[in-house]
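Okay, got some structures for you below.
Each of the two complexes below includes subunit A, the first together with subunit B, the second together with subunit C.
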Partner chain A sequence: MSLRDPRGDGVFSATFKYWSVAPAVLVLAALTVLPALALLRMSVSTITFSEGHEHWALTPARNFAALFTDPGLAATVVNTLLFVIVAVAIEMVVGLALALLVGGLARGKGLMRTLLIVPILVPPVAIGNMFKLMYNYDFGLFNQILGALGLPAVSWLGSTSLALWSIVLVDVWHWVPFVFLILFAAVEALPIDVMEAAHVDGANRWQMLRRIKLPLLMPAIVVALVFRAILAFKAFDEVYLLTGGGPGTSSELVSLHLYRVFFEQNQLGYGALLSVLTIVVVLSMLAAGRRVVVGAGAA
Partner chain B sequence: MRFIRKLAMTVASLLLVAAPGARSADKPFAEVGKQAPLTMLVPATPWLPAFSKLVEQYEAQTGNVVKLDVNPFAGVLDKARNDVHSGGGTYGALFLDTQWTIEMYEGGFVAPFTDIDPAFVMPKEVLTYGDSGYWNAQKRWRTSNGGKLMGFTVLGNVQVWYYRTDALKAAGLAPPKTWDDVLASCAKIAKPPATYGAVLRAERGNGIRYDWMQWMVERNGSVVKDPENGDFTVTLNSPANKASLDQFIEVGKKCGPPNPGSIGQGDVIQLVATGKALQAQIVLAAWSNFEDPKKSAVVGKLDVVPLPIPTGGVPGGVIGNWNYTIAKGASSGQKKSALAFAQWFLTYDAQYAYAKDGGIPNRTDVLASDLARDPAYRWMHAYAETMKSATQELGYVEGPQVEQILGLRLNQAVIGELSSAKALNVAAKEIHDVFAKNGRKTGIGPMLPE
Partner chain C sequence: MTALTRIASLRRFTPATRARMLGIALFALAIIVVVGPFVWVLANSFKSPIAILTGAWSFTPTLDNYVDVLSSKRSDFVHALMTSLVVATTSTAIVVAIATLAAYSLHRFAWARWAVRALLVWTIAFHVIPIITMVGPWYVAFRDLGLYDTRTALVLTHVVINLPVALWLMMSFFRSVPPEIEEAAMVDGCHSLAAFWYVVLPLVVPGLIATGVLAFIFSWNEFTIALNLTSQANATVPVVVSKFANDYEVQYGPMAAASILATLPALMLMFFGQRFVVQGLTLGAVK
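Moving on, here comes the complex of A and B:
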């Protein structure tokens, strides 16, 4: 009788695999499915408090009406899309360039890798405060540099045309190391014999990059892209600390808007609806990314 | 001779003991008895060091134990909600910003003081700060008229006008009484970008809402008609309010930095403390920042007066206070302990000590004491003057939503995205919609010409 199937009749192994994962499934259900169901219920309800207790009323129409009449939502969606597209594009290009550069170093790779990941080790609150000081119109480092060059001071966080891009810059500084780490690992895993064969066949650097390295790096690129896009969509710390969504609505993102609705306005039902929609968008991005990865793998 | 010397010393000792404020440090300010350990949920604010010192003094005098759970502003509300929504028990005392009190009162999450001790009486010298510590559940309004005592003000903030005494003196100017005086003074004393004549807080959100409302009340403006009596007709988009907003924008632009729409409280304090801003509209609680040589380059150079008013306007102020409340879900021991601390804190001696350590006392007799004649507390007169006409605003459950709307639309007017008329019209419509959805009796005034 084998250890894998002590009864030798196949029944033990068939049931074993189900009840062996049952504890993990139960924990997963308790920690994710139950809260998700509670959130769904909240999203179609209005919750009020009186006499020390909460009172629920089923009001899906009211919550959806709030969604379609929310005056600030359209601007935040546009801002968020712009933020995600521009910030992630820059991070991917810079991260990939750094990964290829550092990957091509003969010496000092470890040191460069350590130095380049420092920004993601800094807590987001520290980053927010640091850049808020650097962007300060009167005392900030950036305007002091401009002043030293004889240029006028810039209202980095006070201008409606610059506020969002100032936050993008902070996000790029913070998250390029993340992209770099993922792509650097992939660059290090590129098969040397393929590179050498291409070199022997006369491929120049541009052809090596475009025809050999990039296709081989594509799964890692897609993983980094999907991760960054999801995280960028949920960005909160930087915008909350730097501008609070202002001036006006020029830098308000979906996550900050959701925070305001849920925590500041205490509109729990509508806030839950916004949360559900955010989750739907993020899951869609995940599904799309997975399809691209699978497709790239098949190719 | 020896007898006369002894007599003189005895009389001098008696006078010293009897002098106002010079009480014995060993005698407790109030006899509160042995109490259970008390945990208080408190905000990290400029006045917290003063309050913490007072708590230490309470512990030393009474032998009771108090633990302060200190949190940033928004964190206090989150923790308070988590505690009360889950039945309470963590905190005996909750410090609530004035905007949060209605949510907590209406939700039934804080205990009336007389439910804990029917004999509790608020000293008559304690300011009521627009009755923010009272709740009339039938009217759904904070009023002592038929309302129960739910809390008291532990720190009562109003805005005052800070000015550099040296700068105004050098220009031969008196402290401004009107906003026109402010505009005139800016032209004389400011040398931008090295120095700004005056700075206002106009960042989106609570910043501009609170600051502009001071200007609104000075022209007898309002957001809603008579919320205490159930009339939620929106009066925001009135010619008086437009005039207030226009002048607010004018002073901010002509006197301040070129980025008025992004200036927050920290920025204003920073500009004043570094000497860049020569005048500013700031809450009184920030005073200690400017008198601390570790934080300020202008120690001893500032003074305060009540906020200037528009020509033909009336003095006014909007109260922004922290309220000491007792959590309903706390244990019986913590509730009694919280009430005992309150009784101690509200005594003359405790409030006097609080003021000496940098807090703002809530008793009229302390505000009129010898401290008011001490140059270190020269802010007391302006504070007492402002409190005579200061009021509470947004005292209804929709207050946070109204604040969000005002905080955005006013900011958009400052940065030029919307004209002042359009900003007020749009905000009025949005506020009206909020009240209508909540079933309030509401309406809206005629639209301002855009």
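Moving on, here comes the complex of A and C:
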């Protein structure tokens, strides 16, 4: 509801509607719209620095050709797909299970939620370091546990077949709380009368879950799924710290690959092209996700 | 009695007892999985290099690692701490101010639907794309402007990455203010600016705190931008902490100590502003 004709005393107040949005719009224009346009221009250019000056040359063909000669690109695409699918699937299942279990607790819900939120707030860099220590071959916690069980030590980050999955585990630790938080809010909002009616009608626990709770939770589940699947593309800090994409390219993910191209290989033009493609993929997923969310009955 | 029969024998407990046992089991699991890693790393941060490398479970605690991180000549940690504090505080103040003003205007005044929609779509698009895609053009622009490796560059970029969430959060907090309160204020002769400042703003103080706490934490934790837009002079805490893991000769003790120190502000805010953080994260995640 809006007040269409606010009583204006003085110019400052009469133009309040406009100047109040101005700073935010200016910041967005200067730091997102202009850079987005610059990114488009960069994606068809080659930029070099010499003696403190930049030189721009228009080289669209060369940038596109680089797509096919980039040695790490294919691995990056495959790794990212595997990473997003597996990590998000685990996060959804564990997050949903936790939300349902914690939602069923008689006491201590608040404490559980507090505890489970901690990983979202810890600096990802610290998470990376912590897991790097725990994954350490010689003294890490994981190999100590394996040793105590009489099992051989594992090279968590140093083996090409395991590095990506070690990253997945860190991502799961970091982001299950996010899924839990969304789904727990939805579980808490489940209509009590419907639950009681089903209970009175003799529904058992499995039927309650399968026929009542899951359908009612579906909009929230879809929202969590869409967001996690999109935000998984952002994973950078932990990969950078734990494996740097290695060994070889076995754990190279899209954000890390972009970083390498931009700042290790200094290919600003080709990096921009890859960035544009990444943005197109992410925004397509967002648009598709929105349709699913609307279809599932959420706002 | 084998483990299996013991589990099967859970059936002889009443449902209430079973529910309580499930609760206790959940707590135990959550504590082991969430708190366990911190405790293990905390323990290592008090170990000597030999105790770390041998994986000793009993050891004589030492403060050497913390002393090394905080006061050795090689360490930039204290300098980074100051940079992070300045950047996080400044960018939080700015983003809360501009997001609050914009959110109020969008909420209160009759804006064209397309304008509000365009703003929301643009902010959500910016929020979901990997930030490294923007760091390339920012790098070029800040170099041109002479802002590469300055705190200004960090403040500006941290303001803009926190703007979407801050805007959505403040809009949802303004929506929860009953319009009658403002109408009453205006009937009583308040102009719109005064109604905003004296009547509405005090009602959304919890929202301001939630938004501020989250913006501060996200700025404090931010790594991708700080890594690429600064060099040593303006490195933030995450950049310095990352160096411990990537140096050729990894110093495990200082690495553990630095990670623990970097985590403290977030945990402290979590402790004191828990209610606001939960509210902010839930709203921000769902809306």
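Definition applied: the second predicted complex is superposed on the first by the 266 of 299 C-alpha atoms of A that agree within 3 Å, B and C clash if a C-alpha of one lies under 4 Å from a C-alpha of the other, contacts with A are read in each partner's own complex, and residues count from 1 in each chain.
We take it that a contact is a pair of C-beta atoms (placed from the backbone, for glycine too) under 8 Å apart; a residue touches a chain by one contact, two chains touch by 3 or more.
Because the structure is a prediction, the values reported are computed rather than measured.
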Identify the partner contact of A:139: answer first if only subunit B is touched, second if only subunit C is, both if each is, neither if none is. both
Go through the superposed model and pick first if A:295 touches only subunit B, second if only subunit C, both, or neither. neither
So, does A:108 touch the first partner subunit B, the second partner subunit C, both, or neither? second
One more residue to check, A:215. First (subunit B), second (subunit C), both or neither? neither
When both partners are placed on the shared chain, which of subunit B and subunit C touches more of subunit A: C
Name the contact category of A:54: first (subunit B only), second (subunit C only), both, or neither. both
Which holds for A:28: it touches subunit B only (first), subunit C only (second), both, or neither? second
After lining up the shared chain so the two structures overlap, which partner does A:263 touch, if you call subunit B first and subunit C second: first, second, both or neither? both
What is the contact status of A:246 with respect to subunit B (first) and subunit C (second): first, second, both, or neither? first
List the residues of subunit A that touch subunit B in one complex and subunit C in the other. 54, 136, 138-139, 244, 263
Within their complex, state which residues of subunit B touch subunit A. 74, 77-78, 84-85, 103, 106-109, 193, 203-205, 257-264, 267, 270-271, 274, 276, 328-329, 400-401, 404, 408, 411-412, 414-415, 417, 426, 430, 433, 437
Residues of subunit A touching subunit B in the complex: 49-54, 62, 69, 71-72, 136-139, 153, 155, 157-160, 163, 243-249, 260, 263-267
Contact residues on subunit C for subunit A in the complex? 19-20, 22-23, 26-27, 30-31, 33-35, 37-38, 40-41, 44, 52-55, 97-99, 101-102, 104-106, 108-111, 119, 122-126, 128-141, 143-144, 156-157, 159-160, 163, 167, 179, 182-183, 186, 189-196, 217, 220-221, 223-224, 227-228, 237-238, 241-242, 244-246, 252, 255-256, 258-260, 262-263, 266-267, 269-270, 274, 277-278, 281-282, 285-286
Subunit C-facing residues of subunit A, complex: 1-4, 6-10, 12-13, 16-18, 20-21, 23-25, 27-28, 31-36, 38-39, 42, 47, 54, 98, 101-102, 104-108, 111-126, 128-134, 136, 138-139, 141, 144, 173, 178, 181-182, 185, 220, 223, 227, 230-231, 233-234, 236-237, 240-241, 244, 254-255, 258-259, 262-263, 268, 271-272, 275-276, 278-279, 282-283, 286
